[in-house]
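Right after this note come the structures.
Each of the next two complexes has chain A plus one other chain: chain B in the first, chain C in the second.
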Partner chain A sequence: MYAYDQYDQAMVDARVAEFRDQTARRLAGQLTEDQFKPLRLMNGLYLQLHAYMLRVAIPYGTLSGRQMRMLAHIARKYDRDYGHFTTRQNIQYNWIRLADAPDILADLASVEMHAIQTSGNCIRNISSDQYAGVSADEVTDPRPLAELLRQWSSFHPEFTYLPRKFKICVIASEQDRAAMRLHDIGIELVKKDGEIGARIFVGGGMGRTPMVAPEIRDFVPFGQVVSYLEACLRVYNRYGRRDNKYKARIKILVHELGADEYRARVEQEFAQMKTLGLDPPLAELERIAAHFAPPPYETGLSDAIDLSDRDFAQWVSTQVKPHKVPGYAIVNISLKPIGGIPGDASSAQIDLMADLAERYSFDELRVTHAQNIVLAHVRKADLPALWKALEGADLATANLDLISDIIACPGLDYCSLANARSIPVAQKIAQRFADVGRQQELGELKLKISGCINACGHHHAGNIGILGVDRKGVENYQLLLGGSGAEDVALGQITGPGFDEDGIVDAVEKATDVYLANRTEGERFVDTFRRIGMAPFKEALYA
Partner chain B sequence: MKILTGNDLATGDVVWWTGTGWSIHVDDAIDVGDKGEQIGKAEEAAQRVNVPYVIDAARDGTAVRPAHIKDRIRALGPTVRLDLGLKPADPTAGNWVI
Partner chain C sequence: MPELHSLRDGGEAAELPAVTLEAFAGQSNATAVRIEPGEDARELLPHLDRIALVEVNFPSFGDGRGYSAARILREAGYAGELRAVGDVLVDQIRHMVRCGFDSFAPDQPLDSALVEAVLGRFPGAYQKTVDGIVPIWAKRHGVSHG
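== the complex of A and B ==
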């Protein structure tokens, strides 16, 4: 894992001191809310429905046991004993007192964490593949580039006031586990003629105008990625709209210019940028990459797993994925117990996951955009003990990528932007499909719920997506089918008129019935939808 | 009736204008008539409350019910964590929101 150097630490410590002073001035009445709001937002502090909300950055979703324990400590000491892991691999606290915020940031800084650039029209936390470094299908580990981009984008003076917020994702395998093409810039590291470079996609996103990012360049040499991104951002900063926040994301610019024209402008800019010496020297790239060297795996381990316990076998078949090193496995910890709140974890659960990471996974955890946790380096021999420990803390639900592994935004229960509640709908659907056998029968089915058009719950990318809207003061839910955030990326299509809270649960069940009645051998829900189209689903839903 | 609401500056708590100050209990809210905006501006200028705004509500006996679901959730707390809301002992409290 990356460890701060003196510059990283000094920057974060200075920001804590600055925000402490700003907060004191606000509490003393020396700053108005209008003056203070942009300052607190730069430190991830929102004013939400019930209280202040703090969003803490977890760079590319990776953190140590020590950092995870600090997240538990903050939940316990300053919040109401829980945190919410988000679809951007961050964590949010919902009940923060303003006076406590500087102390929280100081606590975070003590473990090399912060909340900088988790809000505002700047480059946000860089997201990545939760299986980075351990997946057999990647061409290289994407985290060193993600870390380089974290450093490049932190306090970047030219990109602190972009037309709108900006999200970058880095992956390094053809299998996309991070919704890469639904980011403002998606980067896929590829190998071409033996050389590692970046395939660049620009202008993706969800929200009110969902778009899949088109490819802007098929290969940028690894050593020129920073220059190329500078060029992409510069073109956006210059031509992106600032007159209408709903038209200000880079996806609108790329769409309105057309990918070819945007590409041409970037290339023109890049021709100049790459001569300026912006790209880090090889030694710096190697310094960063060294932090991500593989942990000291044992050799000669057995791949055998005793699956005689049926529940354990079920959990292994669902939650455990292949690791590139013999004798090891990737373990997905579900934060989606049936009837629970997707992404929420108590301080005790967070502490436990930190302990288990320390004991079984080289002291490292990853947060996924699907609001789960990954232990990336578990010896197969340790799986039974790990499962037992998770089971005792309600963390052993076996539902990865099944219908109850629901992504849901906080919705109207917490969010001031939301129009409808997301969590109760997620809970009701999970309860409707609680039977493990039924979930297994349905197979891979990614269901995603947003409580408003901003799409924090990724409803556009759900095989089944649900969008909550406000219809004359009453919650109403639109159903979308056929979306995907993976390598077969697609935007879901709205089925038709919306449903009330109970009606949407019935509608989801009807959609799954259509799938079961029409699927062919080996077809996933999304495959069947693509083959048979919307008509049979509409017929069942609106008969 | 019209009632005035906002968030406490220091805690962020949802608060309701009582005529003399701010309460976390919506039932303490008074009808501000057409004075809500004026009161809100004065209270915000005095740094006692954040982003005050006026909403429609209805009084039923001693209870006050905001007209919109968003404000009812603000008044009660998250419907999915009633233990964290203002009526933790009432398992049916969430029904009031809907």
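== the complex of A and C ==
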């Protein structure tokens, strides 16, 4: 894991002091709310329906037990004893008092954490693959570059007042577990002629105009990634639309210019920028990479797991994934108990996960974009004890990538932008499919719910997506089918007229029935949809 | 007339009427020019040696195009005065300085003590820009900074 040096710590401490001063000026009336808004947003502080919401950065989703415990402490001391893990691999708290915010940032800084640029029209938290460093299929660990980019993007003077927010994702394997091409910039680390570099995609995103990012460059050498990204951002900062908030993301610029023209402008800028010495030396990437060296794995461990307990066996088959080192496994902890709120965890659960990480996983945890937690290095021999401990805290739900492993935005229960509630719909669907056997029969089925067109719940990328809209004052839910945020990235298609709250649950069930009736051996829901198309689903839904 | 804050050596600032970018092209004796957010700062590059003052207008503080304009001018070697005007707020000044601005004439007057505080607050910077600050990565590795 990355550890701050004196420079990093001094920067974060300065940020706390700066925000303390800004908050004091706001509370004293020296700053208007309009002037204060961009400042608080750049520290992750939103004014929501009922209170301030604070979003804390978890860079590329990785954190230590000590940091995790601090998240529990904040939930306990400043909020209502729980936090919400987000699709940006962050955590947010829903009931924060403005006057407490500087103290919370100071608490975070004491464990090398912050809320810098978790909101605002700037470069946001860099996301990455939750299996980084432990999956066999990666060309290198993507996190060192993600950390390098975290530093580069922090307090970037030119790119802090962009037309709109800006999200970057770094992965390093062909399998995409991070929805890379649905980011403003998606980076896939690749090997070319023995050299590692970055394949760059620009202009993806969800929201009201979903787009899959086109490839803008097939290879940027490691030593020029920063200057190439500076060129990408500068073209956006200068030419991105500012006349309409809903057309201000870079995807609209790339779409309106065309990928070729955007690329040409970037290349022109890059030709000049790469000569300016903007890129840190490779030694800096190596310094960071040393922090991500593999932990001291034991050798000679057995791969055997006693699966005689049926519940344990079910959990292992669903939640545990192969690790590249013999005798170890990757464990996914579900934050999606049936009937719960997707991504929520109590401070007691957060503390317990921190303890378990310390005991069983080299003191490290990861947050996934699907709002679950990963312990990446668990000895297979420890799996039964780990499972027992999770089970006692309602954290042993076996539903990874199954229909009840739902991504949902906070929706109208919390969010001032939402048109409809997301959480109750997620709860009802999970209850309808509560039977584990039934979920496993359905197999991989990613269901994602957004409470408005801004698509924070990634509904465009769901195998089944649900979009809540307001229809003449009544909540109404549209159904989308066939989306994917993985390496087979695709945007879902709307089935037709929407449904009411109970109707959408029935509609989801009908869609799964069509799948079960039509699937061939080994086909996932999304495969069957791609093969048979929308018509049979429509027929069943609107008969 | 907005109050002027200058960070230039000796605190001297040009007292010149700045013309629009469009007018500048036709006035070979003009030495001060004002650019608006949608205008291309690169149009000034052939004339940098005769310019003493570039004003960059920020009609609204949230419109960040002027940051790129400033950096482009400095990267091209412009050494004259670079002034941010318009809706310029004290909490933006440090980023502006990092992009090459060295004077400010905001619509709303700035509190000098606060300007000093915000400019002194951060102990370093992660990026190399045009302000001469040695970036943190260079300090870590003793990279010479040219």
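Note that the second predicted complex is superposed on the first by the 541 of 543 C-alpha atoms of A that agree within 3 Å, B and C clash if a C-alpha of one lies under 4 Å from a C-alpha of the other, contacts with A are read in each partner's own complex, and residues count from 1 in each chain.
Here is the rule we use: a contact is a pair of C-beta atoms (placed from the backbone, for glycine too) under 8 Å apart; a residue touches a chain by one contact, two chains touch by 3 or more.
All values derive from a computational prediction rather than experimental measurement.
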{"item": "Touched partner set for A:Tyr161, first chain B, second chain C, both or neither", "value": "second"}
{"item": "Chain A residues touched by each partner, larger count belonging to chain B or chain C", "value": "C"}
{"item": "Contacts of A:Glu298 with chain B and chain C, given as first, second, both or neither", "value": "neither"}
{"item": "Partner chain(s) touched by A:Gln272 [first = chain B, second = chain C, both, neither]", "value": "second"}
{"item": "Chain B versus chain C as contact partner of A:Asp413, first or second or both or neither", "value": "first"}
{"item": "Contact footprint of chain B on chain A as seen in their complex", "value": "26-27, 29, 32-33, 47-52, 80, 95-99, 341, 412-414, 416, 418, 421, 423-424, 427, 473-475, 501"}
{"item": "Partner chain A, residues of chain B touching it in the complex", "value": "7, 9-14, 44, 47, 50-51, 67-70, 73-74, 77-81, 84, 98"}
{"item": "Chain A-facing residues of chain C, complex", "value": "37, 61-65, 67-68, 71, 75, 89, 91-92, 94-96, 98-99, 117-118, 121-129, 135-141, 143, 145-146"}
{"item": "Residue numbers on chain A that touch chain C, as the complex places them", "value": "5, 7-8, 10-11, 14, 17-18, 21-22, 35, 38-39, 121, 151-152, 154-163, 234, 237-238, 242, 272-273, 276-278, 280-281, 283-284, 287"}
